[in-house]
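Okay, got some structures for you below.
Each of the next two complexes has chain A plus one more chain, namely chain B in the first and chain C in the second.
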Partner chain A sequence: MALNRKIAYIDLSTGKIETKPIPLKARKLFLGGRGLDAYLLYNHTEKGVDPLGPKNTLMVSAGLLGGTLASASSRTHIMAKSPLTELLGSSNMGGFFGPELRWAGFDHLVIKGKAEKPIYLWIHNGEIEIRDAGYLWGMTTTETQWAIRKELDDEDVKSAVIGPAGEKLVRYANVMTGIKDSAGRSGMGAVFGSKNLKAIAVRGTMDIKIAYPKDALDYNKRFITQIVSAKVNQTQGTLGTPFIWGATNSWGGIRTRNFQYNQCEYADDIEPERFDEIAEETMGHYHMAGCFGCQVHCRAKYRIPSGPYAGKYDEGPEYTSQGAFGGEPDCKNAVTVLTGNHLVDQWGVDNLEIGSIISWAMELYELGILTDKETGGLDLSFGNDEALLEMIRRICFRDGWLGDILAEGGIRASDTIGKDSFEYLIQVKGMSNLHSDERATPALALGIATGSRGSDHLRSRPAIDLYHLPEEVLRKVYSNPVPYDGPLSSEHTSYVGKAWEVFWQELCYMGVDCLGICKYHTTFLGATLPNFEDWSRVIYYNTGMELSPKEIWDVAERTYNIERLFNIREGLTRDDLRKGDTLNHRYFDEPCLRGAPDVIGAKIDRKKFKKMIDEYYEHHGWDENGMPTPETLKRLGLDEEPSGLV
Partner chain B sequence: MAKVLMINYEKCTGCRLCELVCSVMHEGVSNPSRSRIKIMKWESEGLYIPMSCQQCEDAPCMNVCPVKAISRDEKLNRVMVDYNVCIGCRMCVTACPFGAMSFDSIGKKVVKCDLCDGDPQCVRFCEAGALEYVDADRVSVFKKKDAAQKLSVAQKEAAVLQPQMFS
Partner chain C sequence: MAIEKEGLSGAESLAKTRTYGKFRCHNPSCMARITVEPGATTCKCPKCGLEYRVAWIRPDFPRIRGPVWDVNKRIAEEAVAARKLKQKGGK
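Right after this comes the complex of A and B.
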């Protein structure tokens, strides 16, 4: 059955490997994926552990419904203490690795210690082997994957790998599978690198028994119809995530020149339609690809049309690459975006973080805080496409003084650079913000300020807040599965009721992250998409386990509190600019200079923002400092953590 | 008119939902290694091609079977294995030029596409339209139309570039 997948404890220092079943109690309390990973992290790491030392514990997992007939059950989740933020590190990726891990018999890998020399893990139908990766060290992400397939003589092997950036311990290196599927955020690739772990290769042919096959098939069909009938997903399926960048840019909701402006002007060459054109020209009319079991197929296939990497195949770009290598550094050329996207995929680094860090350095260069002396003669001006691509290389390979410093992440780099460089760093908890501008949207600002892995749009963003849905529609969405009768507002510039929206979305995204489902298949971009009630039935049809929508909600809340406990243990305090639930001063002090009438002039009101945070803590059952109260912990059964269940 | 499974591989997004629903439909499990359909991938080129049984008229698997366990079902236009007769020798696996006959090492039997008795689940779940279940004579009509359209476009382009040829 779908619940019999195991947990493997792998100690790379000693080579000891132990596999154990996952008790049903742990399933009911934490489901799987991010949920159980968070529990494992809290239980298997000591306070203050060095994220790049052997004592950091690394979790790699599939969701509870991975590989089953939940739609898009493709996600792989990776967790450890983050080398970038020194708080919670957590990231997930699509593709085909997660389901394959389950067909190979496992749901969770708990990796401790450090191998003496480069190794990779080979996981095959219940067996785990540590193999030499000396010959793989230095290879790019795709070279590594194809080489492993060759060595194992099996084209169906799926691998999660790091590239040169992970080997060089760039603190925001990612873990990748396939061409572009990346667990990008919070530096999980550097944790791989610190353990001399180049890759995890999996291949499985073991049955996952579906509890009620006919019902599972029929419900999946219903799910798919619901998902592909949403207009937003139809657009995703043709233009991919760049359509969001295009739409929000027209309105003034993106960032350019490191937050100096909120709209990128004269950007025709990096609009979604332009990327679609290039994909069509280089790959043909049907050029979209999907992750496992997904009918949204949001990523394009393309070849770089010109320049030094002309002809190279890649996939994307996503909103993030479009922002990171287009809008933010003000490099308005499609080829630059496509090339930057290709380089980060090959070298294995988070596109969002590296794009933000380089743009920050560009602003420091503009201000004279960084000069030609620090850049080694590189003209790091905004709009210099060649400098941008060169800087990506220098960071990934830690080449030169500045490349090495920036590879350490924004906060460490600002400590080294000094002056008032920190003032210009657009980050929360040490992680850079997405290339969207939240000054006109308090709900979105609250979301990035409170995200458990640092600034992020995938932890709690109430994207439907931008649709101006009638209040009764919002209430219908946000009163399920727990009733909510507090205030709500359809107005995106309002501060009213936004704390509840963020709280609700946090638990919703936690739900999909525990189940291993993609966020495009829940209430993220579309208000009509499935959530708690549907999951309750999907879990039952696929696994036979009975959980009510409210019980799933409780799992999400419990898990979010475990993440909070971890962050507090590692030093989170409410107003700390480096580790707290707050924003860079520019959100409060500098108004939006461009955009639509309801955006231009907007900035976040400090007093109202503080009140929003208070409300948000209250919904969570946390005190005014953001600490879970003893009553909350007791209610969620967390009053005796760490409890050592697994 | 009997129908056939028509594969338009250009439309395939490589998601492998067809493999999943096939194994759930036939074996009640998620396990692509037991699926009757499989997407062959060239990931570094973005090329995905679903492969399944062609339900040949003069099927090599049928001809090679030493115990005559394989026969044609004309009503549904498919090639079927009679497991009461099959001895599991796997000669059919060897003979199939498409690799569409495979051996299920868990079920200990040869398996092939049976068109889900007329309601192929792979088709039901393929929103991309890479898999369709159509009347046998329609397959070439669709291709004719595609080719004709390309011809017409090419002729128009040629007329723009070299008007004298058409004057």
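Right after this comes the complex of A and C.
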């Protein structure tokens, strides 16, 4: 049965391990992955807990469809209170770990306490062992994975690991599997490190029984047809995600020099076709690879062609590395982007966060808020490629005064630096924004302002809003599975109907995060990709569980409200610049200076933005302060939900 | 079982709206569909005049690689200047 995988409660302080089945009721209310993790986080974590203390509870899970016949069911979800934001910590990675966890008999791991010394968990065919990881401490993410395989004498072992950044409690350290798959956002690697948990290694040969295998295969063929025929996925399969950065930079939607400009001009060397050329030159024609069960193959394999790391193998770069090590610091050099990408993969840190933090520091240096005294003599000017790479090292190893304070994350660093440094920090809820500039796109601005884990492009972004789709197409997408007859606008500079788009996308992305499916296989970058209606069929054929599209929507809404409740419990208020649903003042006060004719001069209108937030709260059934109303909680069955469900 | 086995899902039914061999102008106030000559390396939007460098995913599948920087910067600067003049009441 696809539903017979278990949940394991692991106390690293005592060494006690308990496994339990997951009741069908819990499945129907939360599915799995991010859904059940959110429920577990809310009920197993005390208010105000230190995110780097032993009482923070860490969840690691596969999605409900992980490892089944469902397409791209590769994702692993990790959740805890975030050491970066002190709010919801949640991150998600592809690769092969999640399916392997399910084949080893488990869907969810709930990890509490702190081991006395470095350990790793070894999970195989229903068994869980705590093993010594002293010899692994200090290793890079790739070294760690191969050392574990060698110790266990099995090259098929998949591990989720941390690198030096996680060990040193860099507050935005990530968890990695494979060479580049990372649960990057919100500092889950630091939570691993705080528990002396170097890795979780899994290997399983326990088959997942598919409920209706023929139907599941037949429907997956339809699913695959939808996926591979989409233009956006054909582009991804050729160029990887860098095409997104390239397309956005073309019109002026990329932030550059921290947030001073919205286009990286004459950046031909970091355009996607350039990375494709390097991949072809160093790895040959067939250089694209994919995660478990995926037909898109969006990751390029490459070797760094020159410089101090010449010849080193890696994969990507994702568009996040392109922005973090190219556009934001204004370093227009492909080798720098590829090298930065390699360093963060090996040392285990969120590329997006570290690139944004360094670019912020570069602007502070330009303004004289940081000087050579604070940088230890490093010329932290924009466009200084060597300084960028050196700062990555200093942060990951907490080397020097500046490296150490930047490792604490933007808000804490701004408290230490003082002066006006916070004014220049481009963040929401303590998490840095993506490299995109949302001043010309109100819907995207709303999405990052309200994301439950902080500034976020992967949890609510209505990316298809940029395509100027006819209203009837938008209506077909956004009126299903819940009817919507309110306004919608094809204009992506408009504020009309955008609150609904963001709300709908939130629940769509929540759906795939609960199922363990990649976002490139749903309505993210293409309007013709599968969503609720298709998932209902896929769930039934693979697991036998009947859920209508509307019931999946309800699961997503229920889970989103639990995340909201968690954040409110931890101090979220609507207009708080540190923990609220709002944006840095520069979005409202500083107009775009570059890009297409009508992008120049664009900025977010404060009044219209406030109205959009009001509408967004209304769609959610929250009051004007963003609190879920008693009626909403009752409708979602959260008013009397027992904490002992699982 | 309540699951419909037949019929296209909403997402599947939208597949017919896809267009191949064309792309949209990246100028937000334009967004015109541009048809590109096979193998072309640059193109000009017939509606707003912005120019783009073109790359090819396949021989029948073009994409915008990026702007022709000098041309589009000049057009943007002229448009902004005209807008400012209009705001001041000029012609």
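Rule of thumb we're sticking to: the second predicted complex is superposed on the first by the 644 of 646 C-alpha atoms of A that agree within 3 Å, B and C clash if a C-alpha of one lies under 4 Å from a C-alpha of the other, contacts with A are read in each partner's own complex, and residues count from 1 in each chain.
In this section, contacts are C-beta pairs under 8 Å (C-beta built on N, C-alpha and C of every residue); 3 or more make two chains touch, one makes a residue touch a chain.
The structure presented is a predicted model; accordingly, all values stated were derived computationally and were not measured.
Participant: Put chain B and chain C onto chain A via the superposition and say whether they clash or fit.
Facilitator: fit
Participant: Hey, in the superposed model, what angle do you get at chain A between chain B and chain C, Cα centres, nearest 10 degrees?
Facilitator: Between the chain B and chain C centres, as viewed from chain A, the angle is 80 degrees.
Participant: Between chain C and chain B, which one touches more residues of chain A when both complexes sit on the common chain A?
Facilitator: Of chain B and chain C, C contacts more residues of chain A.
Participant: Looking at A:530, would you say it contacts chain B, chain C, both, or neither? Reply first, second, both or neither.
Facilitator: second
Participant: Answer with first, second, both or neither: which of chain B and chain C does A:151 touch in the superposed model?
Facilitator: In the superposed model, A:151 contacts neither chain B nor chain C.
Participant: Does chain B (first) or chain C (second) touch A:69, or do both, or does neither?
Facilitator: After superposition on chain A, A:69 lies in contact with chain B alone.
Participant: Could you look at A:598 and tell me whether it touches chain B, chain C, both or neither (first, second, both, neither)?
Facilitator: So A:598 only meets chain C here.
Participant: If you stack the two complexes on chain A, which partner ends up touching A:473: first (chain B), second (chain C), both, or neither?
Facilitator: second
Participant: By the touch definition at the top of the document, which applies to A:294: first (chain B), second (chain C), both, or neither?
Facilitator: After superposition on chain A, A:294 lies in contact with chain B alone.
Participant: Can you give the closest approach of chain B to chain C, taken over C-alpha atoms and in whole Å, for the superposition?
Facilitator: Superposed on chain A, the two chains' closest C-alpha atoms are separated by 15 Å.
Participant: Using the superposition on A, tell me which residues of chain A are in contact with chain B and, in the other complex, with chain C.
Facilitator: Correct list for chain A: none, the interfaces share no residue.
Participant: With touch defined as at the start, can you tell me which chain C residues reach chain A in the complex?
Facilitator: So the residues of chain C in touch with chain A come to 1-5, 9-15, 17-18, 20, 24, 26-29, 31, 48, 50, 52, 55, 57-58, 61, 63-67, 69, 72-73, 75-76, 79-80, 83.
Participant: Report the residues of chain B in contact with chain A in the complex, numbered from low to high.
Facilitator: 10-11, 13-17, 20-21, 24-25, 27-34, 43-46, 48, 105-106, 121, 124-125, 127-128
Participant: Sort out for me which residues of chain A touch chain B in the complex.
Facilitator: 2, 67-69, 96, 99, 103, 142, 146, 178-179, 205-210, 213, 216-217, 220-221, 224, 228, 283-295, 297, 301, 313, 315
Participant: In their complex, what parts of chain A are in touch with chain C?
Facilitator: 215, 222, 226, 229-231, 234-235, 238-239, 243, 246-247, 249-251, 265-268, 271-273, 440, 467-468, 470, 473, 476-477, 480, 491-493, 523, 527-531, 533-534, 536-537, 540, 546, 548, 594-601
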